[in-house]
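Please read the structure below before turning to the comments.
Letters A, B and C mark the chains in the order given here, with residues in each chain numbered from 1 onward.
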Amino acid sequence: MSGDHLLSIRNLKVRFRVYEGVAAAVDGVDFFVEKGETLGLVGESGCGKSVTAMSILRLLPSPPAELEGEIEFQGKNLLELPQDELRKIRGGAISMIFQEPMTSLNPLLTIGEQIAEAIVLHQGLSRQEAWDRAVEMLARVQIPSPEARAKDYPHKLSGGMRQRAMIAMALSCNPNLLLADEPTTALDVTIQAQIMDLMERLREEIGASIILITHNLGLIAEMARTVVVMYAGKVVEEAPARELFSEPLHPYTQGLLGSVPVIGRKFKMEKKRLQEIPGIVPSIFEMPRGCRFHPRCHRMMDICRLEEPPMVEMGQRRRVLCWLWA
Amino acid sequence: MGSGKEKTAKLPEGGRSSSEGIPSGTQSQFRKGLAKLLRNKMAVFGGILILGYMVTAIFAPILYPGNPSTPNLMRSLERPSWEHPLGTDELGRSILGRIIYGSRVSLMISLGVVSVGLLIGVPLGLISGYYGGKVDFILQRITDMLLAFPGFLLALALVAILGVGINNTVISIGISMVPIYIRLVRGCVLSVREQVYVEAAIAVGTPDLRIIRRHILPNVMVPIIVQTSLGMGTAILFAAGLGFLGIGVQPPTPEWGAMLGSGRGYIFNSPHVATFPGLAIFLAVLGFNLLGDGLRDALDPRSKI
Amino acid sequence: MLQYTIRRLISTIPVLIGISLLLFVMLRALPGDPALVLAGQMASPEDIELIRVQLGLNQPIHIQYAKFISRLAVLDLGRSARTQNPVLEEIWARLPNTFLLATTAITLACLIGIPAGIIAAVRPYTKIDYLVTSFSLFGISMPVFWLGLMLVVVFSVTLQILPAGGIGTWKHVVLPTVTLASFVVAFIARMTRSSMLEVLSQDYITTARSKGLMEKVVIIKHALRNALIPIITVVGLQFGSLLGGAVLTETVFAWPGMGRLIVDSILARDYPMIQGAILIFGLLYILVNLIVDLIYAWVDPRIHYD
């Protein structure tokens, strides 16, 4: 079962113990990523998708975070790996890029230095060799005048260039898996497309898999092979991208898709207004009983109020957490 | 994981900025802050110290009936005993009594100092930050100059000009505190002014005074409160320093620093004369620092600690 | 960088002018004849007349100011009304002592305070953090002159291993340095702690960890480097403060430094000395601030690209 899977997450639970109580940010999440695929992880802000990604590399501050479950990678459970082995994987076999390129780079070190330090660590090259390779990577991410840029400090680069630099950093050691947490959200729309193209191209070249975390369905449509939809700390639907868009099963997914403006839609589908999902994401301390989505669901049934729905397998990488399909 | 409650669609609570000005989250913010403050053991301890200090100051005549400054040379430099729990000083006066009355003096001085700082510093800071331009420039150069000297030295220099005595002590230390308030308030005003809701209010034509009162003042409140608590402690410390040097409160008025200064000559044989007043200073200042720190942690939303 | 330096130097001019104005006004704000005031009780009528000419008291106010400035520029600060020695000479004799004290105190404070702050920040809310935080709060609340006296009681009176005051051997330096350092250590430890905590919560620290760097490297190479920048400013300001704030410590330990000089002058109404001391202090403080700003700009690449 787990033969072909690059990464397997099983029953991941992440709790935050704070003064006000215990917040279950992620509550029993499973999915897997295959070699060479781009998996889209979608959901509203606060649904737990970033927390899930950070848990893979155990980057959450450990009090107050408490992790439970299994994350299997290269035959080992990452959640139980000793620190020194975990560190080998971070930046090496699995690397991550973050949402805010402005603040994700150390302002006091040059770009080249920040890329080179990972290379020295994971590939054992000398400082000079690592620097050269860093410049190479900058060229690969299409930053002009890479030798000069490498000596620059982050504040001299634009947002788009900084994100490219981060991508260069993350891919410098040829990872098997790249975690991309909202990589283009903080960038201009025009730059977004460039960055995504870049990522896709490099992914192919290196042969890596990507977990793409975003709330932007357009990106998902373009890049992802498989999509996992999360809501309030749980996976509510998983489907190959095409199927998700053509036939969403879960009412939440339907709502998400219905709220995306499409040119020509008013004409084609005679729908005059954008549909929004009424209500808001529930507070992490006050989860609704039964199905977490039921208060906002236009197809709610009585049972939804009382019991949590089962995960229904509907085929190859196709499942939905909903009473409608049980 | 459910709590049994049903969630109905509802608007986000708090934090909604209406054209009325004060963000409606402020009330609950204060209450949350208070709860957080009370959880901070050190801050509570500080609060107790301050309470003790104020009670002593207010009820001084009850706690020690009689005149603490009347000399009684027959009983000079006595060690602590039942009759005089903290001993007597070089003029035979009860140290305990002088410390009790000294708390009054310190309290009055620190209240005076903080008042001077607030009454002069806050309006100047508001004007400087809000109106900018030439007024701001000049005020800032003056503030730079005043801040070019360490606080105590500035107070010292002012005393050199104005002379000694309790009033001049208050004025000198107060003036040395003014630039701190100006900087603080100005900084706050500048950052609040950038906020979109303030720009909106200006665009709609709201009169300046109302903008200042409704939008800016509530946000400036928190740093002012924190600074004031810390400032009370600093005032006690500075006043004691001046007293110690003999250029603050003049005898026979009991002032802790002055008591330390005059007790200094006797440390070889009667260390108690200097020890206890100093302890009083320490505890009072500690109280204000603990509370001020606690207030900062509790009320500053940006505080990451 | 050079541009920045020049700009900073220029910006000190208004402050210098301001201080000179302050001193100028101060003298004339005092009741009585400024010449008398400057000359002091013991001066002869000839001396007073000499000063009157020097100050140009019979001439319009702007000429007086010009004369004042021109004398300041060559550091002619007049003569002490108390000792009749040139002010500059008296100051020059004492400045090194204050400097010695301030330097040792700051060094001691950094050696203890910065590591303490780092450790507290790296292990927040643990016992060691509470220890550091408590000690720091105590330290900044402690009246320096009381601490000094208490130390004298313990080490000089009771244990008799260290002298109670004066200057001469290394033993004389110990107690004053410890006393002076007490406040600074506490302050620096607190600042270091909060600066480190601030830095450790930044995104780039998460990025550094995500690259698989050892925690030691993350803390020293990434976090500390950033955290030290505001700390440099604080240390510099504290040093400047110590040059002036040593007043109380010097009094307690009868240390012949600038602080004592100022206080004695104030008590004796020795105005030329007061003026001179304030001026020198102001200059030193401004100089220290300037150096701190320059170091800051040198260390932080974001600034010198301005």
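Note that a contact is a pair of C-beta atoms (placed from the backbone, for glycine too) under 8 Å apart; a residue touches a chain by one contact, two chains touch by 3 or more.
Predicted model only: the values in this text are computed from it and were never measured.
Taking chain B out of the picture, touching still joins the other chains into one piece. Ranked by separation of Cα centres from chain A, the top chain is C. The distance from the centre of chain B to the centre of chain C, each centre being the mean of the chain's C-alpha atoms, comes to 23 Å.
For this pair, chain A with chain C, the centres built from the Cα atoms lie 53 Å apart. Put simply, the C-alpha centre of chain A and that of chain B have 49 angstrom between them. Residues of chain A that touch chain C in their complex: 57, 59, 86-92, 95-96, 98, 100, 103-109, 117-118, 121-122, 153, 155-156, 166, 169.
By the touch rule above, chain B contacts chain C in their complex via residues 42, 141-142, 144-145, 148-150, 152-153, 156-157, 159-161, 233, 237, 240-241, 244-247, 257, 260, 264, 267-268, 271, 274-275, 278-279, 281-282, 285-286, 289-290, 293, 304-305. Per the touch definition, chain C reaches chain A in the complex via residues 202-204, 206-214, 221-222, 225-226, 299-302, 305. Chain C contributes residues 14-15, 18-19, 22, 26, 29-30, 124, 133-134, 137-138, 140-146, 149-150, 152-153, 157, 194, 197-198, 201, 240-241, 244-245, 247-248, 251-252, 262-263, 266-267, 274, 278, 281-282, 285-286, 289 to its touches with chain B in the complex.
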